[in-house]
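Letters are used for the chains, namely A, B, C, D, E, F, G and H, taken in the order the chains are written, and counting of residues starts over at 1 for each.
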Amino acid sequence: MHPDKIRAVLEGVRDGRSSVEQALGALRDLPYEDLGFARVDHHRALRQGHAEVVLGQWKTGEQIAGIVRSIAERSQNVLVTRVDVDKARNVRAALGAAFEDLRYDESARTLTLERQAIEIRGRKPIAIVTAGTADLPVADEAAVTARMLGNEVIRVTDVGVAGIHRLFDARASFERAGVIIVVAGMEGALPSVIGGLVTLPVIAVPTSVGYGAQFQGLAPLLTMLNSCASGVLVVNIDNGFGAAFAATQINRRDT
Amino acid sequence: MHPDKIRAVLEGVRDGRSSVEQALGALRDLPYEDLGFARVDHHRALRQGHAEVVLGQWKTGEQIAGIVRSIAERSQNVLVTRVDVDKARNVRAALGAAFEDLRYDESARTLTLERQAIEIRGRKPIAIVTAGTADLPVADEAAVTARMLGNEVIRVTDVGVAGIHRLFDARASFERAGVIIVVAGMEGALPSVIGGLVTLPVIAVPTSVGYGAQFQGLAPLLTMLNSCASGVLVVNIDNGFGAAFAATQINRRDT
Amino acid sequence: MHPDKIRAVLEGVRDGRSSVEQALGALRDLPYEDLGFARVDHHRALRQGHAEVVLGQWKTGEQIAGIVRSIAERSQNVLVTRVDVDKARNVRAALGAAFEDLRYDESARTLTLERQAIEIRGRKPIAIVTAGTADLPVADEAAVTARMLGNEVIRVTDVGVAGIHRLFDARASFERAGVIIVVAGMEGALPSVIGGLVTLPVIAVPTSVGYGAQFQGLAPLLTMLNSCASGVLVVNIDNGFGAAFAATQINRRDT
Amino acid sequence: MHPDKIRAVLEGVRDGRSSVEQALGALRDLPYEDLGFARVDHHRALRQGHAEVVLGQWKTGEQIAGIVRSIAERSQNVLVTRVDVDKARNVRAALGAAFEDLRYDESARTLTLERQAIEIRGRKPIAIVTAGTADLPVADEAAVTARMLGNEVIRVTDVGVAGIHRLFDARASFERAGVIIVVAGMEGALPSVIGGLVTLPVIAVPTSVGYGAQFQGLAPLLTMLNSCASGVLVVNIDNGFGAAFAATQINRRDT
Amino acid sequence: MHPDKIRAVLEGVRDGRSSVEQALGALRDLPYEDLGFARVDHHRALRQGHAEVVLGQWKTGEQIAGIVRSIAERSQNVLVTRVDVDKARNVRAALGAAFEDLRYDESARTLTLERQAIEIRGRKPIAIVTAGTADLPVADEAAVTARMLGNEVIRVTDVGVAGIHRLFDARASFERAGVIIVVAGMEGALPSVIGGLVTLPVIAVPTSVGYGAQFQGLAPLLTMLNSCASGVLVVNIDNGFGAAFAATQINRRDT
Amino acid sequence: MHPDKIRAVLEGVRDGRSSVEQALGALRDLPYEDLGFARVDHHRALRQGHAEVVLGQWKTGEQIAGIVRSIAERSQNVLVTRVDVDKARNVRAALGAAFEDLRYDESARTLTLERQAIEIRGRKPIAIVTAGTADLPVADEAAVTARMLGNEVIRVTDVGVAGIHRLFDARASFERAGVIIVVAGMEGALPSVIGGLVTLPVIAVPTSVGYGAQFQGLAPLLTMLNSCASGVLVVNIDNGFGAAFAATQINRRDT
Amino acid sequence: MHPDKIRAVLEGVRDGRSSVEQALGALRDLPYEDLGFARVDHHRALRQGHAEVVLGQWKTGEQIAGIVRSIAERSQNVLVTRVDVDKARNVRAALGAAFEDLRYDESARTLTLERQAIEIRGRKPIAIVTAGTADLPVADEAAVTARMLGNEVIRVTDVGVAGIHRLFDARASFERAGVIIVVAGMEGALPSVIGGLVTLPVIAVPTSVGYGAQFQGLAPLLTMLNSCASGVLVVNIDNGFGAAFAATQINRRDT
Amino acid sequence: MHPDKIRAVLEGVRDGRSSVEQALGALRDLPYEDLGFARVDHHRALRQGHAEVVLGQWKTGEQIAGIVRSIAERSQNVLVTRVDVDKARNVRAALGAAFEDLRYDESARTLTLERQAIEIRGRKPIAIVTAGTADLPVADEAAVTARMLGNEVIRVTDVGVAGIHRLFDARASFERAGVIIVVAGMEGALPSVIGGLVTLPVIAVPTSVGYGAQFQGLAPLLTMLNSCASGVLVVNIDNGFGAAFAATQINRRDT
């Protein structure tokens, strides 16, 4: 809990403006509210000054709609991740006409609601580099997330290590970024090569794109964890959102 | 290779100041030299303006001594990682009296040579948080690395999740950092808790400390990759060096 | 087999009241009966004084209906676990109007029949704590089971480690329990934190909620087995029933 | 942190008896002290009223000696686990004559110091059942732990499932326990059989005893997690201490 | 290839009765014929004097029908394994009225054609023991196979280790067998218990019945391989056919 | 990038025929063109003088159609792999009547377009040997690939190790090849046997054909990697294409 | 427990010759005796009429000596398995001159004591076939075991699949056996080939001989479980004893 | 067995020059001889015209010496692989002064005896490319093997993907090879990059160099199997010998 809030509440106690019981109640009710099935934490959004993020994967369309409505009432932006086409349709149906500005990106599997203009707060753009066409959905999730959290985004696609001259052509464009997210399936060798070329922070996202001994992303995950390029940072398989969230934290002006 | 160098060389060609063959030779010989068993890349150190890093694990004491001597001749600082006690002794014996300022840290398993004062180039301190006493060697490797690469370091030790009140007491000290490195063995839950408390970038280092179903670090590795705190970044098991290297890239003033 | 029964039978033999063959027959036919496809063990229910439990997962609707009918004839309560919606419909269809009081809980995937009032035999309530919304089905299975086996239940939901202040708010409510069941997917760190806060027995249930390197529950399973909080007890992935069954054994007044 | 302590401190603030800064300081320094390399938590021992437990595995003999001395100064009992013969010798050497009552159990790999008589606080004995001779060290660790934490212990040894008549002979002795700890290596089938015989809580400890496809304890770990006997609870491979710690929590009179 | 056949052919060559080319042709065409997609080996059936066995899993209904027809033309019995309901329907449709005696067992997933009376050639019955109801399909596959290969079969069902008194009741019936096949999912402990009770050869079949850490049969597979009962023999997960085939080889009168 | 091209471009710069900017532009646009979702690399086809290869698995029918059209405009042949029936239909629909010569092989899951006669450039035929009927799709993919890349193909089917006399009969036919591709599922022992019989390069392809402990191809993959026949080379599970591609490189006249 | 014994005891009770308590005592003390650290089961040896078997791996030399002495007092033969050189020396030292006929086989790692002539009770010889020289220790363990349990043994060595002509030469010698034990490391393909050649029961023993992706025997274990030769039976990695024990059960005249 | 030999023998039979028995004897005794512990196959060396290869890993120094002597008597060259320093010393001691020309390479762990000049029979050199210094022993094993089997060798060292400009500098030297062996530990990305640069056959050798999630070579093994560069061929972890053996087969003039 935020120390300033506690301080304020305690000063109220000290100054006799409130009893201990009142203070306790105030603290408890403040930064989230109970929707019955999940406690939505507005606190987080406040800290970040940007879109509230909702993980859509194990929620029903009705649950997502309820959360979106609750957030929108406070005029905040919303990002819902891991929403498949059918669930997106259900969310729309449940929200109705007042939410026609809710946008669905089928590749990124995201729902976004922009009720405020997004203020760019990142120091530099975030570059998102993709090894193969099949990795685009994960890269798209990262791109939508990075944008909703207040970053410019540079996209570089289809520059796998097996045709490494393409990578060198594209290099100029990603070297002006503040962080690089590298999305790669199959054997996931791209972050090692990029990590050896640049001095920027590199976040590697293994994807489940592959077959056989790729083991649903295990192969590139191990590759990235063992990268001979020092300092490659790794997130979970197919976790484009997590990579963009971390990149935002790295890229913030005030850190 | 650095575009400016290529540009300079090509302008020489364009202006007739040098032939193609000369330019090629210049480029080839520049940033590294052949020691027979390994090409030492001075290039990297130049880019980073700090210590040259050598991975000591699979090199003999003689090989390490040779590399250290080669770097020291250019008056650069040196950091050698993953050196056990016996190998450190061999390195010293091979280098002799001229290298009495070579320092060995038995816990961190590092050899360091500071021939230049280390210039602090990081924006803020790097916090290194440890869950248990047994994780200290990995945290020490991270701390030595962070310092040699030009960062202030904040240490917080023994604040595991099973005694979570300790963590809250220590919180103030790590919240003024620019990046947090969290080192944890056993089940490795600490980065999730810290990742939920702060908005700074969090780099998680799983350690092989544990037994049985800890599987030499697999358990905390999986824990960290699946963290419910968004944006936790993961490096290889016991890779304190890699965490500090990445933290340095994140923390640099000029990015 | 129960020693008292054997004793009684043997005394019959000793006293000449029955031949060895008769005694053997009596012993054999007593505590279960053959339904052709499975021997229903009424014995167990007798020992526990509560609902007879049936694992529904690999049985057809027809088989489940047959077993339910057989148990109900002895006026016992029934709990059937791991029944999906379609199978529940088949069971109902097969049982007909005489079983309209058969209740189906879609989240918990349980069928329950209460033909006797459930007598509370647990010393204290059983607390069931859930990390995320997606873990509710497993927690619901645990809750239905705990109730059917004669326990009061306290529910605490959505208190994951990434928002740990929520957990502290909820702490008072679960500290009055006799046992705590902690249900957690993703990285499954919650039992470690709770295990460090309380001195009650903690039963941890990993769930398959997650993706990528969560490996269908392997990640939280390993986390829980390696918990740095001493004494965390673990059951199989998604096994809400097993956790509640064990909690009932721990919580019984007479042990 | 304990609510009563906070309450007392806050009432001091409310009543003007202390400033916020003083209260904060008091809270911070209370329940542990800094030994430099590890924060010893006396808090825990106070809550449990019994021996303070120290995990010896990754500590040096000197570190263990320091912690033992610190605890003994408060006249508390001490249990140090996972100490091999050489380390035990180092601890003794470092502690000297004042600690001649420090006892080392080579099979259990424990050091124990009893400066207070152990008060039996468990409701019933804890039974510790072993499948094979090779599993005795883990069972011994459990037995020493159970005793040091205030329990009577019943030992039953060498009753593996391949000679199941032995198990039935021994049954009477373990049925009067309050909890049963079953230690088993190889395929680890014993907890399933015992779990089907009794209605007591069963804690299963897989051991690394076996070879080939036993995979250092993975085989019995999986066996126990999948037990067809409902309610078998599992701890980490070779974790005799954890089993006894959990059994103590289950067995306490006041829960 | 059979040495006698080669001898005969070679004597033909020696005696001038046939050229090398003729002999070669004769050898090639003898014991199988080319159906285009698979070489059916009548040879095997001849050696075994019983049903020809066809693995149906990766063949189309049309392919199976072709093979069945080819075998039936030689008046041999046929056993096709791993045929699901839809494929069975296709086979029937393709074979038409002349094959109305083709029998499909939905649980065992077998097609059988008995054009000759099955001669019992086994020394004793083969006992097939099942731990749980869900394991019946694999046991049924074993039973159908054992019968088609010329064995009497004893079935014992639902005698899992968690209700071990049932097993002892059933013991008399399986002790008169020549071999025991034990089929068990979940943790697969049953073969260990039976292996300790009898001195007959025991073949253990792990099944994929279970969830979570059962890992599709890995848990009982490891259990059975590590059985503390000496001499338990193991086949692949769900391989009821293989167990019965091996049991037949063990049980043959002439070995 | 090809050194000659760079040389030519640089000579232009040296001779003043072009500015640096022009040269850079020329280099960038040369060997591929941007289709928006993927950079098609005509370069590769040029190097190989044969069909351009497209991996169809994670592309939509529309994307494949676009790539095929782009390649066909340069009168090149096309091979698209890993296309299931539905996707093949979509590709056809999108391409229309001008591509009626596009051929789909349902077993191999390939689309092929032959706009030029295929010139045989391999030194000798490539033999493709299959252990079981179920492995045919992978072998077919290898065969189509080998042919499209300019090789003659010898097919040998259904010669598994369990009926090893068939293998010896077939031996003469595959010994005249230049490379042997061995496709095997189940336990994958065939490459070891063939590797011991011949002195030709052997490429082993494990397939996912099997069940239980075959683990979707892991079993034959490990078998092949550990082959006691020296020099067996392995590709990914089910990777018929990769095997044929490598075989083509080995078999080329000019290497 | 043996039904006849129970019957006798119960008849005593029925006829008034003994009280229940007496009978109980008699039953309990009969077939084993307590040595303090392990209950030696003479029962087993009686059933098998041959050597008593002791697993030496996790016992000390002193423990083994105690057990050997206890068995020898009843004039039984003894087989101790998994005894390394140092432990064997300790056993000898502890037993002294009275046990000079105790024989140690360094390759098989067995101690044997023959106080009775071994009576051959097997129907036919047991063949033990080895793929490579390095597999000999496991095969030797099997051979010693088979002999001590009353079987003739045929040895065939070094007939791996990579030189398959050797196997065919040796075939005549193993076809007269009653059971074949095939010991193979590396990829473990030999049992598949032999299983396809013979109609005898085949017991496959994977060994840990290999490196890299052999994973200490996992590779041949999976190979053997997935054998395309029907009916191959598998035991644990390096378990030569278990294979010979099972072979003895198969080979016994009276089954 | 070689068809020509069989043909010759059979023609002898047909022409009456020899009886069947004589021919059989001749065939049996020809290409190997029995040394008691292993059948040395001279046949193989004859086919390859080069050094006889012996796998030293699981043989004693005495056994190796025996085999070397046996081969040397036929004036053949010998290559013994996987011999550590101590064993090499034993071999030398056993062979004595007559084998002073036996050479030991400590890095490659090979013993070589050149009694004949090695005739170069490869079409082109074999290039052996190494990613890191620590991979040199495996590369050295490959180099010694390639040379002993009649190939020229090109060595390129220390060109890992993290400093990819070094690779481009070295490219000219390996493009004139006939086959490329790429040896790489850590994440093993190098074969993917090289496979994308060249059109030569690429054999990838994963090494166990790394730590943590490298899992003794599993990480680079999976990387190489999933390479996005088509046609990369893989051998077992650390199998430098196997790579060179396969490269020799590919490189032979007569294939």
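Here, a residue touches a chain if its C-beta (ideal position, glycine included) is under 8 Å from a C-beta of that chain, and two chains touch if they have at least 3 such contacts.
Quick caveat: nothing in here was measured; it's all calculated off a predicted structure.
Under the contact definition stated at the top, the chains bordering both chain E and chain H are F, G. In this assembly, C is the chain whose CA centroid lies farthest from the centroid of chain H. Interface comparison, C-D versus A-H: the pair with the greater number of contacting C-beta pairs is A-H. Two copies of one sequence, chain D and chain E, touch each other mainly through matching residues, since over half of the numbers at the interface are common to both.
Work out the mean CA point of chain D and of chain G, and you get 38 Å between them. As a whole-number value, the distance joining the C-alpha centres of chain B and chain D reads 38 Å. Centroid to centroid, with C-alpha atoms defining each point, chain B and chain G lie 54 Å apart. Chain H has residues 132, 163, 212-214, 218, 221, 225-226, 230, 236-237 in contact with two or more other chains.
By the touch criterion given at the top, residues 132-134, 136, 157-158, 163, 165-166, 169, 209, 211-214 of chain G touch chain H in their complex. For chain A in complex with chain C, the touching residues are 1, 28, 32, 37-39, 41, 43-44, 57-59, 63, 206, 208, 216-218, 221, 236-239. Residue ranges of chain C in contact with chain B, taken from their complex: 131-132, 160-164, 186-189, 192-193, 195-197, 210, 212-215, 218-220, 222-230. Within the complex formed with chain D, the residues of chain C that make contact are 3, 47-48, 53, 123-124, 172, 178, 199-203, 221, 225-226, 230-237, 241-242, 245-246, 248-250, 255.
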